[in-house]
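Shared between the two complexes below is chain A, which has chain B as its partner in the first and chain C in the second.
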Partner chain A sequence: MVKEIERAGIPVVHVCTVTPISMTVGANRIVPAIAIPHPLGNPALEPAEEKALRRHIVEKALEALTTEVEDQTIFE
Partner chain B sequence: MKLELGNIYIKDIQFTEGEAKIDDHILYVNKEAAAAAALGEEEHLASVSFDIAKPGESVRITPVKDVIEPRVKVEGRGGIFPGVIAKVDTVGSGKTYCLKGMAVVTAGKIVGFQEGVIDMSGEGAKYTPFSQTLNLVMVCTPVEGLKQHEYEAAVRFAGFRLATYIGELARDLTPDDTKVYETYGIMEGKEKFPNLPRVAYVQMLQSQGLLHDTYVYGVDAKKTLSTIMNPTETMDGAIVSGNCVSACDKNPTYVHENNPVIADLFEEHGKTINFVCQILTNENVYLADKMRSSDWTAKLCRLLDLDGIILSQEGFGNPDTDLIMNCKKIEAEGVKTVIITDEYAGRDGKSQSLADADVAADAVVTGGNANQVVILPKLDKVIGTMDYITKIAGASEETLRADGTLEVELQVLTGATNETGFNKLSAR
Partner chain C sequence: MAKIKVVHYINQFFAQIGGEEKAEYPAELRVGEVVGPGQALMQTFGDEAEITATIICGDSYFNENLDKAKAEIVAWVKEQKPDVFVAGPAFNAGRYGVACGTICDAVQEELGIPAVTGMYEENPGADMFKDKVYTIATANSAAGMRKAAPLVAKLALKLAKGEKVGASVEEGYMPNGVRVNFFEEERGSKRAVKMLLNKLADKPFVTEYPMPSFDHVAPNPAVKDITKAKIALVTSGGIVPKGNPDHIESSSASHYGEYDIAGVMDLTAETYETAHGGYDPVYANEDPDRVLPVDVLRDMEKEGKIGELHHLFYTTVGNGTAVASSKAFAEEFSKKLLADGVDAVILTST
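Let's look at the complex of A and B:
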């Protein structure tokens, strides 16, 4: 899906847990997620902490989206 | 470490009102006594019921949770299923009896979509290895309001208690045949087989959590670091399944007890290779865990000065990354690696087979394409329930056809594409 959307001319950030797979399939902007059962959150955290974590991931993804890349890049 | 396995071949299973026993290769099961043994002090199961399924019968068992071979330890340290049923003690030496040709099968709706199907005849029987065993099936009914993970644990323990109880019936019998398995210390092995390549078996255990778990001496594998074991320990039930995951490529406890990779490596041990040990590693859901665990297996392979390893996966999807990480890092240590996996290549077999790939994975054995479609006939009797047949992974809303036949992917059949080679698919 990442590749097809980019082929249509729209840049994509792939937020995913297993970044090596994202590299293998050819995503250009990759943001690491938390874990496979809960990529964008962490149920072990308090609600306020989790909200901050979620916001952080989304902000990082937005930042990645507006960053020029030369090669496949993981935004740690 | 040296273990003698004695095989006792079971030719029939019958219910009896009298005493449970094994007499002239026939297992007589008293339902009440078996239920008492299986339930123990379990408070989470309302009841268990028993049935017998024999090869060739028009019988379907579903939803299948685990398959277990009854065994009993007659000499040496510890007991079967250490840290789970028997007390924690190092197993894998002495003498153990195995009831061959039969299995304990546990069934019950736990998750709904992640249990399997065993057909005793027809097209499905060609794919599941457990169509060939005499199956003592235990259907477990939970108490009301029980949570899924508690239900899973209750069924898991009930299965091991029943298998242990059945195994005990063989304690005073004489095995039909015996075989000895022995591995050596590092220096001892080198002196014994100075010119043979040093080979180990690296086994990846399903440990994704949320009812996708495996236990080693009772320890949840997702909380472990990669470690070393004597392969004979597995023959005494050191590794057990706690898995509700796609049926075709999970390892039921029976497969751990009878791991074909271990059997075949022992076959060549002292002839063409020195089978040094077994290395266990996990398949966790955090990237850091995947990296740490695969770093660790590569480190152990180097420390043991191995020449080659066989690496088996359990499950599919994100564990493909664990598989490739292990392969890449172990090969980078100069240790030749062969991987055993299966494929999700689409119904037409044309899609990419694994989620991850690397040039280091240049020697691959496949258990088959789990997306392959098969049509299963309508069978006369169902042990368990067909209520979830359209929900099982590999089935769909269109699965149940008007004539009563089932259109499913191999995924639904327990053990169909097993990644230790404990399956029936082959190719020319």
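Let's look at the complex of A and C:
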């Protein structure tokens, strides 16, 4: 899906836990997530901390979208 | 002659420990035990070989603790000194396939022990490792075990004995870019004419020289001003309104959903859930923002950090879903995103 969105001309960032799969699939902007069943969360944290963590990942995703890339890039 | 020693790797599901709720199961070594699909391999091994140990690991555990799990498992394999290492087969289970490929590759590279695995051609583990590890092509579900297990076992025996491995069409592994010469029974002209006749008659035929398919999409230019941008959310994590109104399938999804989140500030357990059947749904059902971060994007919208969050999101279940289907879904909804003036997409996967 990420490749088809890119092909349509819309910049897209892939937020996912297993980044090697994302590389294989062909995503160009990749942001690593926390875990497979909760990519943008961590149930072990307090709700406020968890939301801060999610915000951090979303900010990374926005940073990826505003960064020019020439090739597949993982934004650690 | 002593029996060939085989160490076998399987996931928590095939070890009958449990499904997704047990996917965090840490790596475990069972010496002297043949577990699950190991029985099927043993049938082909006969008197020639035996599984001397089985290693079991949860799919999420392996992929989330990649370096640790890999090191642990490689150390165990080293200790067991097998003649050959077998992983899977993984069929269309994505994380399992990646685990099988990763561990086979590590065992070969670090220990010099030959390894073989098996999986479905669309398993992401196949593209990642088929050039490095002999990977038997299997059906997309465990229903294909009866056909897959003997092929895996036969190739394992050959590798253990150091016998010459035949071409991919003969052994049943996925083409790995290595050319193997062999004599065809029929000469080329005859085969070509047969192929042509089949093609003309709309019958199935198999090319002997498939063209490689390179499908790389160049990245689009970056968003210039994110504070003015309209951002849309897309997910393969199966987030849907509670009750899954469009009945998106828990695996092998046949369609996607488009849902309006105008005025929705936060996804809650009462209003949304996941339809995905390929990961433990507890955390996503408790708080769907963990997969689709609507709450955070609403905050940022209010603070002027982004222009706006698009009022529609697109969702499907990326669990054994055919590549052709997901491609078609995204082709279709990308047109809608463009028509709605969306500037950028955040796509989340589980």
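Some points to look at:
Just so it is clear, the second predicted complex is superposed on the first by the 76 of 76 C-alpha atoms of A that agree within 3 Å, B and C clash if a C-alpha of one lies under 4 Å from a C-alpha of the other, contacts with A are read in each partner's own complex, and residues count from 1 in each chain.
Here is the rule we use: contacts are C-beta pairs under 8 Å (C-beta built on N, C-alpha and C of every residue); 3 or more make two chains touch, one makes a residue touch a chain.
Because the structure is predicted, anything quoted here is derived from the model rather than measured.
Of the two partner chains placed around the shared chain by superposition, chain C is the only one that A:Leu62 touches, whereas chain B remains out of contact. When the two structures are aligned on the shared chain, A:Pro43 is found in touch with chain C, with no touch to chain B. Of the two partner chains, neither chain B nor chain C is touched by A:Ile74. Of the two partner chains, chain B and chain C are each touched by A:Pro20. When the two complexes are overlaid on their common chain A, residue A:Pro32 makes contact with chain B while staying clear of chain C. Taking chain A as the reference chain, the count of touched residues is higher for C when chain B and chain C are set side by side.
In the superposition on chain A, chain A positions 17-18, 20-21, 24, 35-37 are in contact with chain B in one complex as well as with chain C in the other. By the touch rule above, chain B contacts chain A in their complex via residues 208-210, 285-287, 290, 318, 320-321, 324-325, 355-358. Here chain A touches chain B in the complex through residues 17-21, 24, 32, 34-37, going by the rule given at the top. Residue ranges of chain C in contact with chain A, taken from their complex: 20, 23, 60, 63-64, 94-95, 98, 124, 127-128, 215-224, 226, 229, 231, 234, 236-237, 279-284, 286-287, 289-293, 295-297, 299-300, 305-306, 316, 318, 326-327, 329-331, 334-335, 337-338, 342-350. Here chain A touches chain C in the complex through residues 1-18, 20-22, 24-26, 28-29, 33, 35-41, 43, 51, 54-55, 57-58, 61-62, 65-71, going by the rule given at the top.
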